[in-house]
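Each chain gets a letter, A, B, C and D, in the order it is written, and its residues are counted from 1.
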Amino acid sequence: MQKSRSALDHDLTQNREDILRMGSMVESLIHWSLNSEGVVSIGQVTEGAQRGTTIRERIEKRSLQMLATQHPAARDLRCVIAAMHIARELERSVHHCSGIARLNAHDEEVRRYAILQHMREHAMTMTHSSMDAYVRGDAKLALETAARDEVLDESRTLLMRTMLTTDSQPAAPVLLRAIWTAHNLERIGDRVVNICERVVFEATGHLSDASLPASRRWMENTTA
Amino acid sequence: MKTKVRLENVHCYYGNFMAVHDVTLPIYDRQITAIIGPSGCGKSTLLRSINRMNELVGGSVRGSLWLEEQNLYAPEVDPVKVRRRIGMVFQKPNPFPRSIYENIAFGVRQHKLAAKNEIDDVVESCLRRAALWDEVQHKLKMSALQLSGGQQQRLCIARTIALQPDVVLMDEPCAALDPIGTGKIEDLMQELKRDYTIIIVTHNMQQAARASDHTVMMMMRDDRAGEMIEFGETNQVFTRPRDKRTEDYVSGRFG
Amino acid sequence: MNSSTAPISAPALPWIQPQIGIQRAAARNGDAKMTLEDVSVFYGAFCALRDVNLQVRDRRITAVIGPSGCGKSTLLRSLNRMNDTVTGCRVEGRLLLDGANVYDRHVDPVAVRRRVGMVFQRPNPFPKSIYENVAYGVRLQRNVPKREMDEIVERCLRDAALWDEVKDKLQRSGMTLSGGQQQRLCIARAIAVQPEVILMDEPCSALDPIATVRIEELMQSLKRDYAIVIVTHNLQQASRASDYCAMMMMRSDRAGELIEFGETAALFTTPQDKRTEDYVSGRFG
Amino acid sequence: MQEISWNPHIFALSFFFESNKQAYMANTHTPLDIRRSRRRGEDIATLLLTACGVLSILTTLGIVFVLGREALKFFSSPEVTVIGFFTGTRWAPEGGLFGIAPLVTATLTTSVIAMCVAIPIGLAAAVFLSEYATPRAARLLKPALELLAGVPTVVYGYFALTFVTPLLRSLLGQENVEVYNMLSAGLVMGVMIVPLVGSISEDALSAVPRSLREASLGLGATKLETTFRVVVPAALSGIIAGVIIGISRAVGETMIVSLAAGAGPNLTLNPLVGAETMTGHIARISGGDLSYESIDYTSLFAVGMMLFAITLTLNLISRYFVRRFREAY
């Protein structure tokens, strides 16, 4: 008789699986949307974006039912709330990816920028470790992941600066596409930060801006 | 917040058996404090020790309970008077088998709380405050037993507040009621808390979560004595419990 | 998963033959086990329940909710003709169990009650030993050798998730158990006679949350074999433990009526009737 | 009401009430001193109730004391031995024979006969009233049954002597049945006890909660099965208590046996002949002209003591059964 609340547990697990499904989808979409080697099909990315929306809707519907019929409290309640938020953030990331793909599908020039490739790798690992933190309910890892967002911010600034100040300035369309791509990647990073905030919320019940060093320090103290 | 009732290292016994172990707890004035926990964890015992009701069934208390500055268990204290200042509402509605009017007037007369010609006013004001006046004003002479369960329970609350208590104890007041009756009692509690300090024992976690300001979580230890494992603001207890056992209990996962 | 080759809707345990009165029909999961067609219940001249149309599905949990006095219990007790014991009670309309009308003139109410078991609001074990409590219903039907009875008792107590707690004290009085255990004993007793439908009249209202969750989990495991109908005041319980939900309300002439029936998740998230919406969201009158 | 205006005491009180009314209206609390104060009424009541309790105990002790003292006198007189009292087969005070056995057997015989009548009929009536009778039938039947209990025992006695005995004699033969016989007395005594057993058992049966009956019916039991497998066992302790009280009543009954059972100690278990029971003997002898110091007189107390012992034993047995079969529901 240790299996009490199996219906709730079942739904929570389903939610968790859906989030992870979306997480790995975001990861591979980041990969494919800015792939320097292969030619990416916009159709595939768009389809991915649509699937993301579908999954997000599924999670929201399930969460709503859980709230109406299962009356989660304490951590369960936080799990449900967090899942809804995280799904929303992941969905946005998916749409960022489709934006990137649309910008660069026919332009290998932008894709070859090392700094963008670097940002891409970074966004992927951040997404990955935010999912790790989510699965383990690891607030510390979440905070570390959120801290790595700075790299993306700096990379974008660096890209803008180098592109605008260098002698061999690229043509305007390329320039704009590169900047927009960097912007999208940087936004994905922000989404990861938001996800990490929710992971911390789910684990500890405290909600605060994980991107601020002060709150990070405070939370590290409380979660340690 | 002012502390109305203070429990300091309270242990409750029945004979040699310790039913509650070492509870230290402030009950804040004009707030609703809920006591939750599984069956047999000593919730009711603790509640009944506050108005010395447990003495009637051979219970005893070690430690001290204070109503404001008065030690409730001091030798010069009269338990009957304690029960007048700390009223109690029971699980099953238990109106006297008399008219609605008499149910309230009885205690008022008994304790000479009002002159004869004022009892009508007192009955009306108590029924109004128990949100029952509109429903019964034309049938005050009707037997109280003909009321519905929820109405009976509100009558019992009216009867309790007619004695002008400081504190009202409620031992699962909604266990026998349907959601509508329960909702009315909960609304009433929010009204009453403007004037009274309320302590409620409940098995209904949703009720504790939505109706109380503070929550006490109790648990049975291995030696079958109940102990307090968490006390805090209700929001905190239900969304961010500190104790793992509280977390399991409020989220409905029991071993 | 239950193909049409399985002719019996309850598991064919060896100790009881199919009941007299009404023949069992083939059934699949989720099929209508009981069908109510325009059922009205009267106490004397007073109509307590008017024109209820409802399907109780096999191997599903159907919850009946509604405010006090709306006829929930009356409805439940009409399903196994328990209302017959009340003088002046009369049922109109058709109440079909596997297609046969339960209120047909030649149907024996005792036979109906063997097929449609009941668990009551307050745990009411007989003042006998735990063993005898379970054995009681089986003994009513035939003499069972001791060893076989032991097996039945153990199996039913296991099914009711009570065996581990009582296996060492089967000869103790059923009244010595805690409230939750008593209620599970009552469930064990009910399933010992192998009913096809189990009616539960607020089975958890006298229990604490832990015992309540135990009973709810038990219902989930029992629904693999039985159709369950539960009346409850606890909306949380109805929402988390049932598959289908029937919402009842009292009309202005004090007769109860069914105002909404549907899948539980739908009823709690998108109720069709305004009154249902008010009720499940806790906004009453 | 005129006086109120000038009585300063009442005036002060009404002022106090006034302030309290304000308190109700303003929802403020008047502080209440919770220290102990004397409540004379409470004390007097406690004293009175204690006195009543003590009185009943004292009465019992007094009876036992008087019985014991006189019985002791009896046993200490030279004509009597304790062994002879219990083993002797003849009771003839005029002949100095004090064997209690004839009186005891007569008491037992009449009581057994009475219970053979009272238990089945009483139980059946109880079951009928609580389980089967419609409310209307019960309303008619219960008073009738209780009326039976209100008939004076002397009427029963004459009924036995003038109706039952002739009936028995015509049925079983004049030569077989004596004019005074224990069967007639026992049968009528049984009829007398029916309402007692019946109403106590009926109370016990009615006290079995409806939920138990419904539980049984819900398991597919018929009404008869429910009654005899669930309701009666659940009410068993009450029923046994009723039966034991009935037996006590039978053992203690005097009028019927002294009228119908005969007036001579007779060691026999044959119900068709006459014999004298303990109570009948006491009634007959004490009605006569006895000196307080005579051994005949003290012998009555010994018999009384015996009677007391039997009833006490029955009560103890009854308490044991009530506890043993108590099925708390």
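Simple rule for what comes next: a contact is a pair of C-beta atoms (placed from the backbone, for glycine too) under 8 Å apart; a residue touches a chain by one contact, two chains touch by 3 or more.
What you are looking at is a predicted structure, and each value in this text was computed from that prediction instead of being measured.
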* Asked: Which contact partners do chain C and chain D have in common?
  -> B
* Write down the chain pair with more C-beta contact pairs when A-B is set against B-C. => B-C
* Can you give the whole-Å distance between the Cα centres of chain A and chain D? -> 87
* To do: Could you give the separation in Å between the centres of chain A and chain C, each centre being the mean of its C-alpha atoms?
  => 49
* **Centre-to-centre distance between chain C and chain B (centres being mean Cα positions), rounded to whole Å** => 35
* Could you list which residues of chain B touch at least two other chains? => 205-206, 252, 254
* Per-residue multi-chain contacts in chain A, two or more chains -> 4-5, 8, 71
* Structure fact -> chain D residues touching 2+ other chains are none
* **Category of the chain touch graph - line, ring, star, complete, other** => other
* Structure fact -> Listed by label, touching pairs are A-B, A-C, B-C, B-D, C-D
* Quick one: in the complex, what on chain C touches chain A? -> 161, 213-214, 217, 220, 236, 239-240, 264-265, 268-269
* Which chain C residues qualify as touching chain D in the complex? -> 80, 82, 85, 87, 110-111, 113-114, 117-118, 120, 122, 124-128, 136-137, 140-141, 173, 175, 186, 189-190, 193
* Contact set on chain D toward chain C in their complex -> 134-135, 209, 211-222, 225, 229-230, 233-234, 327-329
* Asked: Which positions of chain B touch chain C when the two form their complex?
  -> 38-40, 148-150, 175-181, 183, 203-206, 249, 252, 254
* Asked: Which residues of chain C touch chain B in their complex?
  -> 67-69, 178-180, 205-211, 213, 233-236, 279, 282, 284-285
